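Got some structures for you, see below.
Next come two complexes built around chain A: one with chain B, the other with chain C.
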Partner chain A sequence: MSQKKSFPWVRTIASWFCALLIFFPLLWLGLTAFKTEGQAIAAQLFFTPTLDSFVEVQKRSDYTHYAFNSLITSVVSTVLGLMIAAPAAYSMAFFRTKKTRDILMWMLSTKMMPAVGALVPVYVMAQTTGMLDSLPALIIVFTLSNLPIMVWMLYSAFKEVPNDILEAVRLDGANVWDEFRHAILPLTVGGIASTGLLCLVLAWNEAFWSLNLTSAHAGTLAALIAQYSSPEGLFWAKLSAASLLAIAPIIVFGWFSQKQLVQGLTFGAVK
Partner chain B sequence: MSFLQLKKVIKEFGPVRTIKGVDLEIERGEFIVFVGPSGCGKSTLLRLIAGLESVTNGSISLDGRDITNLPSSKRDLAMVFQSYALYPHMTVFDNMSFALKLAKVDPAVRKEKVDRAAKILNLTNYLERTPKELSGGQRQRVAIGRAIVRAPKVFLFDEPLSNLDAALRGQTRVEIANLHRSLGATTIYVTHDQIEAMTLADRVVVLRDGLIEQVGTPLELYDRPANQFVAQFIGMPQMNVVAAGVLPEIGRLAGTRGAADGFIGVRPEGVRVHGPGNGAIKGKVELVESLGSDTLIYTNVGAPNPLVARQSERTTLHAGDAVGIDVDAAALHFFDKQGRAIRAAA
Partner chain C sequence: MSRLLPRSLMAPAVITLFLWMIVPLVMTIYFSLVHYNLMQPGEKTFAGIENFHYFITDPDFWPAVLQTLELLGWVIIITVVMGVGLALLINDPFPGQGIVRVLLISPFFVMPTVNALLWKHMMMNPIYGVLGHVWKFFGWTPIDWMSDLPLMSVIIILSWQWLPFACLIFITSLQSLDREQMEAAGMDGANAFHKFWYLTLPHLGRSIAVVIMIEMIFLMSVFAEIFTTTSGGPGNDSTNLAFLIYKQALMSFDVGVASAGALFAVVLANIAAVFLIRMVGKNLD
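Then we have the complex of A and B:
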C-alpha cells in the first residue's frame, strides 16, 4: 500500500460533477413543475413556486386512474414473474446440465434485441386477441420482458446456497416444496427481494409497450406523461408536473429499498 | 439377511468409475468405519447409501427393503456432514426438531425429544441460539443432535471431526463412541483418520480405488492384514515392509513361507534396537523421535526406506550412532509379489 493518494480533492470535485450532471435534469424537472408556463419557457432560476400545474394536470387527466394502472401492472407482473422465474432458476442452480449455461445466455440474448423489433407481431397478437389497451396485455408483456433478468438474478442468489444444506434438508425428509420453503427461501430472501424490487421499478418505468399497446383505458403513468408532450405545443410546466407525479412514488420506493437493490445487483460479484 | 446390504454397487461419474463393484453386509447396531486414502471412494459410497448420488449399477437394501432408487427423504437415514450443514436461519432447537416438524410430529413430543437429545449432548443452554453463535465443537454436537432426534435406521457420518482441533477431536471421538454404546444405532462413519477408525469401529472397511481391500475388526486388520496396502495403511507409524532379498538376515525366513520373491513386513514394535555388535542386522540411527510414552528410532539398514523401531523405553541414541537390530520372528508378515498376505499354515 505504498501508492500515495494524490490530489484527493480532484476526485471529490470529479465525483460531485458527475453526480450533479446526473441529478441536474431531475432537479430542473422538479423546479419546472412548480413554475408557471411562462416562467418555464423563460428558464428562470428564481421564481415564486406555484401548484397551478399540478392542479391543471389533475383536472385534465385522472392521475389516480393512471397510477392505479401502473401499480397493478408492475406488481402483478413482478409477482407472476417471480413465480415463473423461481422454479426455472432453482432447476438451473441445483440440477445443472451441460446446457444450463447456454440456456442462461440465450435467455439474456433476448434482452439484446430492441423491443421495437417485436412491436408489430406483439401488437397484432394483442389486436387479434382483443387485448389492446387492456391491463392483462401489459402484464403479460412486462412479465415476459423481465423474466430473463429475474431468472439470472435468482439463479445467482440460489447458487449461493451451500449444497450440504440442501442435502441435509433432503435427508431430513423434505420434498421439493419443503426444501424450497424451509431452506432456499429463507436463505435467499434478500436476493429474491432485490429481484422483485428491481423488476417492480423496471415495470413501473416501462414506457415503450405502455405507449404502444394502451391508450385511455389501460394507460400507465408513462402514457399520462406522454399526453403533455403533445403536438399542439409544449407545456413544460405541466409536463414536468405530470412527470414528477409519475416518478415520485417509485423514487420514494427506491430510496427506501436502495440497499436491497444494490445488494441484488452485485450478488455473486463479491467473494 | 443383513440389515444393510450392498450388492455389486458401481458408481460412474461420466466415464470415470469411482466405485468399482462393492459388496458389503452390515448388521443392525454395528459401528462400521469406511477408511482409505483420499479419492478412494469412501465418501461416494456413503453418499450412495444416503441417496445423495444415484447408483449406476447394483443394489442397496435396508431392513429388507430395496432402497436403491428411493430418494434420500424416504430412506430414513440421518447424516452428519463434515461442514455440519446446520440451517443458519434456524435456532438450535429448530435445527434439531426440523425433521420431526416435516414428519408432522406433535409439538410436545418434538420438544421432549429435542430436550432429551440436548441433555445428552450438553446443549440444553444453547437451544435458543443460532448456529453462528456457537463454537465449532458445539455446532458439531448440534449436527449430531439433529441426527439423534430422528432415531433413524442408520446414522451416517461424513468425516465429522475433520474441522475440529486436535484436542476437541479426541474428546468428540470419545463422545461419539459413548453415544453409540448408549443408543446402539447402526452407524456408518467415514474418515481418513485411522485412529478414529481403530477406536470407534466394530468393523473397519478399508477402501482403495473404489474397491474394498479388507473388512474386519480393527485388531484383525492390524494383526492379519489381507495385503500390503492394508498392512501399511493401518498402524502409525506404518508397518516396515522390505523386499525379501534386501535383508538376508530375515529374508531366509521368507523363503520358508513362499515369499522368497515377495515382501516381508514388521510393525515398529516388532523391531528392537540394541548397541552395536548385538542383533542380527547392522544399521545406523537416522532419526530419533521421542514422544514421551514412546520412542521411535529410524534406522538405516541399507533398505530403500528406514526401518522404524518403536519402544516404550527412552533412549540415549543419536542420529549417526551404529546399532544392532533384531526383528521378532513371530511378528513378521509375509506378502507375495502382488502384495497379498501369505498366511502361516495353521
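Then we have the complex of A and C:
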C-alpha cells in the first residue's frame, strides 16, 4: 500500500492528461460552436462567445424537427425492444436447454450481417409499403437491429439471479408474471436499465438507416448533420453549432447515467 | 406447459429476427441472380453467376476486402491495448477520478456523422485543423490526412470512438480483480510486469473477448464514418466492403451486382461469426 501511495501525483497527472487529450476534440467542437466563422478558421483560443451560429442553424434546418424525430425513434424503439427482448432473455436464462447458446449466437450473428447487404431489400420494402421517410420504418429497423444486443445483455443480467431465490418463488406457486415482477425485476433492474440506456444511445446515434431511409420528413439528427458535410463543410462554426446541438442531449444524458450504463456493459464477462 | 411457456416467451424475438434476416436475404439472393439496374427499368432477365463474376473480378474488390480487415484489425488492436493501459492507469482512486471517467467516456456518445465531420474538418484539415497547427508548431509539414492517409484517418477516427467503450469494460472488469492475490504475489517478489502478465491479463481475458466481439459486430460494416469523411476515396483507398456495395447499389444503380456483393459480405460475416463463437461462445455460460 505504501509503495502505491509514493507517486500518486504522477498517475494523477497522467490520467488527467489522457482524459483531456481524448476529450479535446469535443471541447474544441464546443468552443468552435460559439465562435464567428472567421475565428473558427483561425483556431483562435480567446474570443467573445456568440450565439449567431445556433440561430442560423435553427433558421436554416429546423433543428427541433429533427431532434423530435431522434427522440421519438430512440425512445419508442428502446421500449419496444425491451418488450420483445425481455421475455426471450428470461426464457433463455431460466429455462435453459442445450439449444439456448445456439439461439443466442444465431441472434448475434444476424447483427453481424452488414446492414448495407439488406439496404436494397429494406428500401424496396419500405417503398412498396409507403413507409419510406417515415418514423415507423425507422423505429422498426432500430428495434430489430438492437434486438440481439438487448437479448444478450438481458440474458447476462438474468443469469446472475441465484437459483435458490427462483426455486423458493416457484415453490410458492407464483406464476411467471409474479415471479418476474417480485423476484427477478428487483434483482435485475440495474441490468435492464443499462440495456435500455445503451440501446437509447445506439438508436440516437444510428446513422446508416437514417441516412438511407429518410429525408426531410423523418430525418434524425444523425442524418441532419450529414447534410452539413460538403456544402457547409467550410462553415465550421455552423457545423459545430449543429453538431453540438445534435450530441449535447445524449452526452449529458450519458454523463448522468454512466454509472448505471457501465454496470450492465459487461455482457456477462465480469463475475 | 413447461415446454410451451419458454417457447412462447422466446417466440416474438426469434420470429421477428428470423424475418429480419430471411426476407432481405431471399430478396438479395433473387436480385443477385438477375440483371437489375435502376437506370434501366424493364424486364429483369436471368443473369446466372454474371453478377458475382463481375463483383469479384472488379479491381476494387480485393483491396476492399483487405481494407475491411485492416480497419477491423487495427481498430481492435488500438482500442484493446490502449483501453487496457488506460483502465490500469485510472483504476486506483485519485483526485478527480469521477471527472476523468466522464471525460473519457464522452466520445462513445458521439454519433458517427458528428465524429467524422469533427475530425475531417476541425482536427485533420491540413491548413486550419488542430493537427495541422500542432505539426506546424513542431516545424513539420502538416499532413493532408484525408487524401494522403485516408484509411489511417478512418482508423484513427474509429479508434477514438471505440476506445472509451473498451476502456469502460476493462475498468469494470478490473474492479473484480482479487486484490489479496495481487498483494500476495507482490510479497512473493513478483514485479509489476509479472503481476500484469500472470494475474491481470488472464483476469481481463473474458472482457477482452467481449470487446473484440462487439467491436467486430459494429466495425465489419462501418459505413457512416467513411461516407462522411473520405467517401471511400481518394480512388478506393479507404473503401471497405460495405462501402463498395453501397457504391454499386446507389452510385452505379446496379442492384444485381450490389446484391451479389452483399451475399459475399454475408458469407464473410458468417465466417467471422463462426470464428467468434468458437472464441467467445464458451465464455458466455
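Please note the rule applied: the second predicted complex is superposed on the first by the 243 of 271 C-alpha atoms of A that agree within 3 Å, B and C clash if a C-alpha of one lies under 4 Å from a C-alpha of the other, contacts with A are read in each partner's own complex, and residues count from 1 in each chain.
Definition applied: contacts are C-beta pairs under 8 Å (C-beta built on N, C-alpha and C of every residue); 3 or more make two chains touch, one makes a residue touch a chain.
This one's a predicted model, so the numbers in the text were calculated from it and none came from an experiment.
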item: Combined model on chain A where chain B meets chain C, clash or fit; value: fit
item: Partner chain(s) touched by A:L26 [first = chain B, second = chain C, both, neither]; value: second
item: Partner chain(s) touched by A:A237 [first = chain B, second = chain C, both, neither]; value: neither
item: Chain B versus chain C as contact partner of A:G117, first or second or both or neither; value: second
item: More chain A residues in contact - chain B or chain C; value: C
item: Touching partner for A:D178 - first (chain B), second (chain C), both, neither; value: first
item: Which of chain B and chain C A:P186 touches, first, second, both or neither; value: first
item: Touching partner for A:P162 - first (chain B), second (chain C), both, neither; value: first
item: First (chain B), second (chain C), both or neither touched by A:R170; value: first
item: Where chain B and chain C come nearest after superposition, their Cα distance in Å; value: 8
item: Complex contact set, residues of chain C against chain A; value: 2, 5-7, 9-10, 12-14, 16-17, 20-21, 23-25, 27-28, 31, 86, 89-90, 92, 94-97, 99-114, 117-123, 128, 130, 133, 160, 163-165, 168-169, 171-173, 175-176, 206-207, 209-210, 213-214, 216-217, 220-221, 223-224, 227-228, 241-243, 245-246, 249-250, 255, 258-259, 262-263, 265-266, 269-270, 272-273, 277, 281, 283-285
item: Interface residues, chain A side, partner chain B - complex; value: 162, 164-165, 167-175, 178, 182-183, 186-187
item: Touching residues (chain side chain A, partner chain C) in the complex; value: 4, 8, 11-12, 14-16, 18-20, 22-26, 28-29, 32, 41-43, 84-85, 87-88, 90-92, 94-95, 97, 101, 103-105, 107-122, 124-125, 144, 147-148, 151, 176, 201, 204-208, 211-212, 221-223, 225-226, 228-229, 233-234, 236, 239-240, 243, 246-247, 250-251, 253-255, 258, 262-263, 265-271
item: Chain A partner contacts - residues on chain B that touch it in the complex; value: 50-52, 71-75, 77-79, 81, 83, 85-89, 98-99, 102-103, 146, 150
